Amino acid sequence: MNIENKLLKLSSLEGLVLKLNQDGKQVFAPVKKDNIVNFAPVSAFHEMTQDYIVTARSAKFVVFPRVETILEMQFSKDNITLKDKDLSSIPDAVLLGTRPCDAAGFKVLTSIFEGDYIDNIYVTRLKKTTIISISCNNYDAKCFCTSVNVHPGGTAGSDILLTRIDNDNFLAEIVTEKGKEIVNKFDTLFDIAPDVNKDSLVANVPVEFDLSAILGKIYPRFESDIWVEQSLRCIGCGTCAYVCPTCGCFDIQDVSDGHNGQRKRSWDSCGFDLFTLHSSGHNPRNTQSKRWRQRILHKFVYVPEQDNILGCVGCGRCSRACSVDMNLKEHLINLIGELTK
Amino acid sequence: MSDFQPKIVAFVCTWCTYAGADLAGTSRIKYEPNVKIIRFPCTGRIDYMFLIKAFANGADGVIVSGCHPNDCHYVSGNFHARRRWIVFRELVDFLGMDVNRLCFSWVSAAEGAQWAKIVNSFTEEIRQLGPYKAYMELVKKDKNESVF
Amino acid sequence: MEKPRIGVYVCWCGTNIAKMVDVEAVAEEIKNVPNVVVSRNYKYMCSDPGQDMIINDIKEFKLNRIVVSACSPRIHEITFRKTLKKAELNPYLFQMANIREHDSWVHTDRAEATKKAKALVTAAINRINYHEPLKELSVDINPATLIIGGGISGITAALEIADADKKVYMIEKSNKLGGYTADIDLTYPHLSSVQQMLGPMIERMKKNKNIDLFLETEIKEITGYIGNFETIITPKNDNETKLSFGNIVVSIGLRSWDPSPLENYGYGKFPDVITSVEFEKMLLSGNIAKKDGSIPKNIAIIHCVGSRNKNYHEYCSRTCCTVALKYANQLRSAFPNASIYELFADMRTMSKGCEELYTITSRKKVVFMMFDQENDLPGIRKANINDNCEMIIELNEKRSRKFVEVPADMVILMVAMEGREMVKEVAQITGVSLDGNKLFIEKHPKLDPVATTTSGVYTVGSCQGPKSIPDSVSQARAAVARILGTIARGTAQVAGTTAHININICCGCQMCISVCPYSAISFDAEKNVSVINEILCQGCGTCVALCRPNAIDIWGCSNRQMTAELTALLLSD
Amino acid sequence: MNEQNIYMPYLMRIETVRDEAPFVKTFRLKFINEEILNRFTFKTGQFGEYSAIGEGESTFCIASSPTLKGYIECTFRQTGKVTNALAMKGEDDVIGFRGPYGNFFPIHEWKNKNLLFIAGGIALPPLRSVIWNCLDLRNDYKDVTIIYGAKTVDELIYKHELKTWDERSDVKLVTTVDPGNETPEWKGKIGFVPTVLDEVAPSSENTVAIVCGPPIMIKYTFPVLEKLGFTSENIFTTLENRMKCGFGKCGRCNVGKVFVCKDGPVFTYKQLKELPQEY
Amino acid sequence: MDSIRKRARELLEKNTVKVVIGYGVGSDNTVRAIFVRRPEGVEELIFDETCVQNLAVYLLKNEIKQIGKLCIIANISALRTILQLASEHQIHEEELLCLSVTPNGELLEFTGFKDIENYISSCNRDLPDKESEMIKKLEKMSVDERWQFWMNHLSRCIKCYACRSACPMCYCTRCQVEYNQPQWITVEATLMGNFEWQITRTMHLAGRCVNCGECARACPEDIPINLLNYKTVLTVKEKYNISAGTNANIDSVMSSFESDDKENFIR
């Protein structure tokens, strides 16, 4: 679909949020609480904060909740019944205020959850979610989107992308049919777009490293000492994966009280020792350095090779959340240093 | 008195309180039927996890009971248990759990009547407190876990 | 593991359970619990036909788990474990639900009691899914025996064991053997001389090479377990000695109660109000006289002093009534013309020949008067000069309902017998529990009255409950039979319910080592993990609850079993 | 329904339970749904996710031959939550199964070759499936040799089938137990699998070797095979990395770039040599 | 700072230690842990009041232990952690060397655990004011208010267990939350699971927590879980007069007892 441009007034957003909610859609937007900004359900636009670079946690939970019942079961003395997930119970949602990196992150998740085995739960959630992103006009030292081919004004993954023109107005780029549906439904809120140079409106995030110096070059360094070197500080807490918009690893567990039960999928992290531990006690990734390597390779080698998409969108969340200052951008830069040695 | 019938489980040691409850039986002392006993070798064995699991499975109150100090069949199990209870009780109180729903007691093999008394009074106390709704909220929230 | 095939047996216990619990409904509903193959109810599960029913079902339905819902496991767990053994099923694949002591006997609403029974049985069933066959370990038995207390029961046991050519260590706190028996003149019912019996026994004790006698010695601590106990003693005038032994007999007897608190009897106030024990000594010395040396003309014997009295000792001291009759007879022989009064509450003369002694005594011009022990005890006051006696006992005679004043020059109080001063310490050292009366608790009040819950430790004689000499002697012999049996086998089985450590999980913090009261845990420095000695472990489970990573679990009371029981109990409630 | 939710297992009824060795059992499983029963197919070497419903899922290979219709078998050892729960199931009980997943042994490429199967301990199940599959197509293959070892005599699994193979004139079976663990009646060899392999020294001429066993056994077996002249592309094995989903989403089982669940579990030694040591 | 660098350089040059665990400059002018293995590297070492991370968490990390004998630049929390870990037999005197700096800039080198004990006994081990006040405030609340407070916080917990990874006392080979037969703690990050997890974490740290605050600092959801631990620190101090990390040779609070431990709730 060709991208169509509109004008959306800041004042119209109030109405938009209200109407979306009235329409039965759950609206998630960045909300500031105790000085951290995270996506939370909002019923009115003013609950949303404007003061954020990116949220602490990514927005992935809307399509890939931290815990999801994937099927249910019932037990009687001699019988077991399985109940499929009721996909129709998944609500319509709108994500407002995602950044272009966040939106791009959904593409990565999708590449994991689709493929030859299609995870319909994810797919349905995504289908029912409209993503209205806002371009970045600011960035911080942890951001490195432009180094991984994501643009602070990029439309990939968004259904609508808003870019701030001035204090009162947004440029609204209608990227997908889903976005268009919203515009059509609430057309009174949208105006004709002015002619603007979008690039001048978004942040100018410097390119910090040359991606091509990494791509295709890390895998041969599988046994390099650099992994140990970089990860000595890492305490294996897994936080990076939990906040990351593209980490999709999960665990499946059953809970049951003997009468009823659910099979649940929940977030997991390759940073954990237990993630790959065999019941025999053998563990193929038994040190933190191997697990750190897995994280980098997963994003920069395995996902790109399998799905033709880079596994990291440069949002920098992992680095911000890490309590021991494992800075991904810095690590990538010195990785390049090592590779070019 | 409300007609709410609380669910109460009692974790007791086999040597003192279980025997005490047996004595209450042989003495035909009558008491409320709400308390159901689970027998452990010693109070030292009673992991605080069992207490949490009791509430998670819908208990309105929990009794933990064993031998009086210096009377432990295993010499010191009850002393260790007491330390654990003190810390546990303070902690869950701090977390906002209702510690009135926890009853710790010493009941010896000879105190059948004392057992009956504890059961009756604790049952009544819990009946006054009503069902442990706050904790059930936790459980319920899990069951219909939010979609997001 | 195999698929559990559970047999559930709900017992009526005659009407004991069936009256208050709808046992049929329970057995019926239980059929719906997963893995239950057979569910039955029966009048007496512990009876032979009851047990045979289980054995047959095990064979016929290939049952591999048995739940009996009946009385307290403290009574019949062992019985049914043996039943399982007979059916060649591991005895630990068994669980009891207590619907008698904890249900039918204590509740009054049949519907509620039935509901509770269902919950208890369901919990037991759910739990038994996770029972595992356990191995009982066998330990070697040191053939020596330690006996604590050299009264008639201790002496009997010692001689019996020594005669079988096995070593005995006898620890006696006082400076002589014999206990109370050494102070008794004649014994009821036939008034034969006690000392003629006891003297030769003590002589044999002294001569027997198999017996090491330690007088004026006390035990401070015992370590070890059945077959392998140890202690260090410091006998008077002697060096520290280390003793090793395989079994322990506790026979420390009882002591007589000091009746001063019962002020109405004036003990301590009137010089001629004396206790039975004091009188017995008088008899033994052959000189019955008042404190001033004169002969008493009026003698009253008051029963149940401090016994059968809610404020002091609720239990009956058992021998006093007959002893009192014995005194009346001995007094009559000594003073053919004296007035002898027996003031009793109830006349309890059980045992062979004792009721006859009562008949004989009553024909000897002994005046029997009854008082109301519960509400109206006799009182003693000093007599007036013209009363012609020292004291007047006032009482409301219960049968005639008349107020009576009994003249007395000497009053013998038949005092209660109570636990010895050191009984708590002895109980703790030997690992045996005391009941509220400071009497040792037996393993089973009816079926195993000399053994205790600690294997290798037996309690005999009056310390287990007031009793006569023949009863004390029988108990001693019963215990010896058990001990000699174990010694002959050379090994004993210790329960399989011990703790065990998963060395893949243990992080070597060694916290468990500091909590184990039996020093059963040690540290394997090479593997950096703790290890449990299964024989030393008594299965208290303190280490289990302490170990943070749950590296320790305990057979027979595992986290899995207990949680299964707990969840089912609450969910079916 | 199952087509929609990739996590939805099929329900299967346990037809028989067989104790193989201490803590090892074999289930024969039959699909409850007739339609699935009729259309279900798999290839030897593939695996599935078996669930003790309410307790969780576990990964086992399908241990029976695809030539047998109407049921599948799995053999598992009790090691944890799910396998312990499965072990408590009996005949007529229902469990869950989803699969088949993964690649398979290219047995059609092995036509007219000699087959050498080498297995250790509880790793016989995946080989059992191939062995029977090949024996059912016996004429397609030349010599069939099976070398199987376990720690103790008791721990040898499929004892009755070992007997059948032993009795067949068209199969050469060599069994062995670790030194010191033989019983008085033991008639097989005594020694570790790689050593026994060296002794038996089957010819590598026109032969493929299929090896399955604990990592340590594999590590010592490969060099012996190479010494005997086997080329790495003629040596096959299966890997067992931990996995949850079975289809490349949960992120656990990858060995470098390859996913054991999708690209494996069957690998040639040649492939393994190119992979990092992450198994 | 210079004295630290000088001493570290000596130690590395003489090969007395293989690695110095210390503080260095991190991204955006923050402080991070660094691992100095070559004498030249000591120039990166810094030490000032911003160096709050408890570096003792690295003492038990395999990759670091493998390097060889360690030297750690320890703040008070780290020193206390070392004593507590020693009392739990997790580290041994000969395995490490500790350097520290007093508030007035004096370099301290500890030759053994006794040394550390002496120093610690003179240091302030109190809880930080902010947390102390918060605990007091919470204690004054009604039970329901406290419950609400924690439910609001714990509902955010995503069960990442960063609090566990960051805690130097959480060194178990296998954490109880991973114990699954039975499943003690509800696996998923639901309110129940989160609540049970925090009870367990706190109970397991009772009498062992050295109030370093790493747990809360690590929590990506900013849940003040350290308050729970601090509460037990207070309980243990008040009831048993013990503070963790002051003695390398005592039984931990939960594995010992006094026969007259005071309480007022047992019937």
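Each chain carries a letter (A, B, C, D and E) given by its place in the written order, and its residues are counted from 1.
Please note the rule applied: a contact is a pair of C-beta atoms (placed from the backbone, for glycine too) under 8 Å apart; a residue touches a chain by one contact, two chains touch by 3 or more.
What you see is a predicted model; the values in this text were computed from it and never measured.
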{"item": "Comparison of C-D and A-D (more C-beta pairs in contact)", "value": "A-D"}
{"item": "Chain whose Cα centroid lies at the greatest distance from that of chain A", "value": "C"}
{"item": "Chain separated most widely from chain E, comparing mean CA positions", "value": "C"}
{"item": "Averaged-CA centre spacing for the pair chain E and chain A, given as whole angstrom", "value": "33"}
{"item": "Inter-centroid spacing, chain C versus chain A (mean Cα positions, whole Å)", "value": "71"}
{"item": "CA centroid of chain D to CA centroid of chain E, Å", "value": "47"}
{"item": "Interchain centroid distance [CA atoms averaged], chain B/chain C, Å", "value": "29"}
{"item": "Multi-partner residues of chain A (at least 2 other chains)", "value": "67, 75, 251, 253, 257-258"}
{"item": "Junction residues of chain E, two or more chains touched", "value": "174, 181, 183-184, 186, 188, 190, 254-256"}
{"item": "Contacts with 2+ other chains: residues of chain C", "value": "504, 515, 546, 559, 563, 567, 571"}
{"item": "Parts of chain E lying in touch with chain B, wherever the complex brings them together", "value": "135, 138-139, 143-151, 184, 186, 188, 190-193, 195-196, 198-200, 202-203, 206-207, 228, 231-232, 235-236, 239-240, 253-259, 261, 263, 265-267"}
{"item": "List of chain C residues in touch with chain A within their complex", "value": "32-34, 126, 504, 567-568, 571"}
{"item": "Chain C - residues contacting chain E, complex", "value": "504-512, 514-515, 523, 546, 548-551, 559-560, 563-564"}
{"item": "Chain E - residues contacting chain C, complex", "value": "88-90, 171-176, 179, 181-182, 184, 204, 251-252, 254-256"}
{"item": "Touching residues on chain E, where the partner in the complex is chain D", "value": "180-181, 183"}
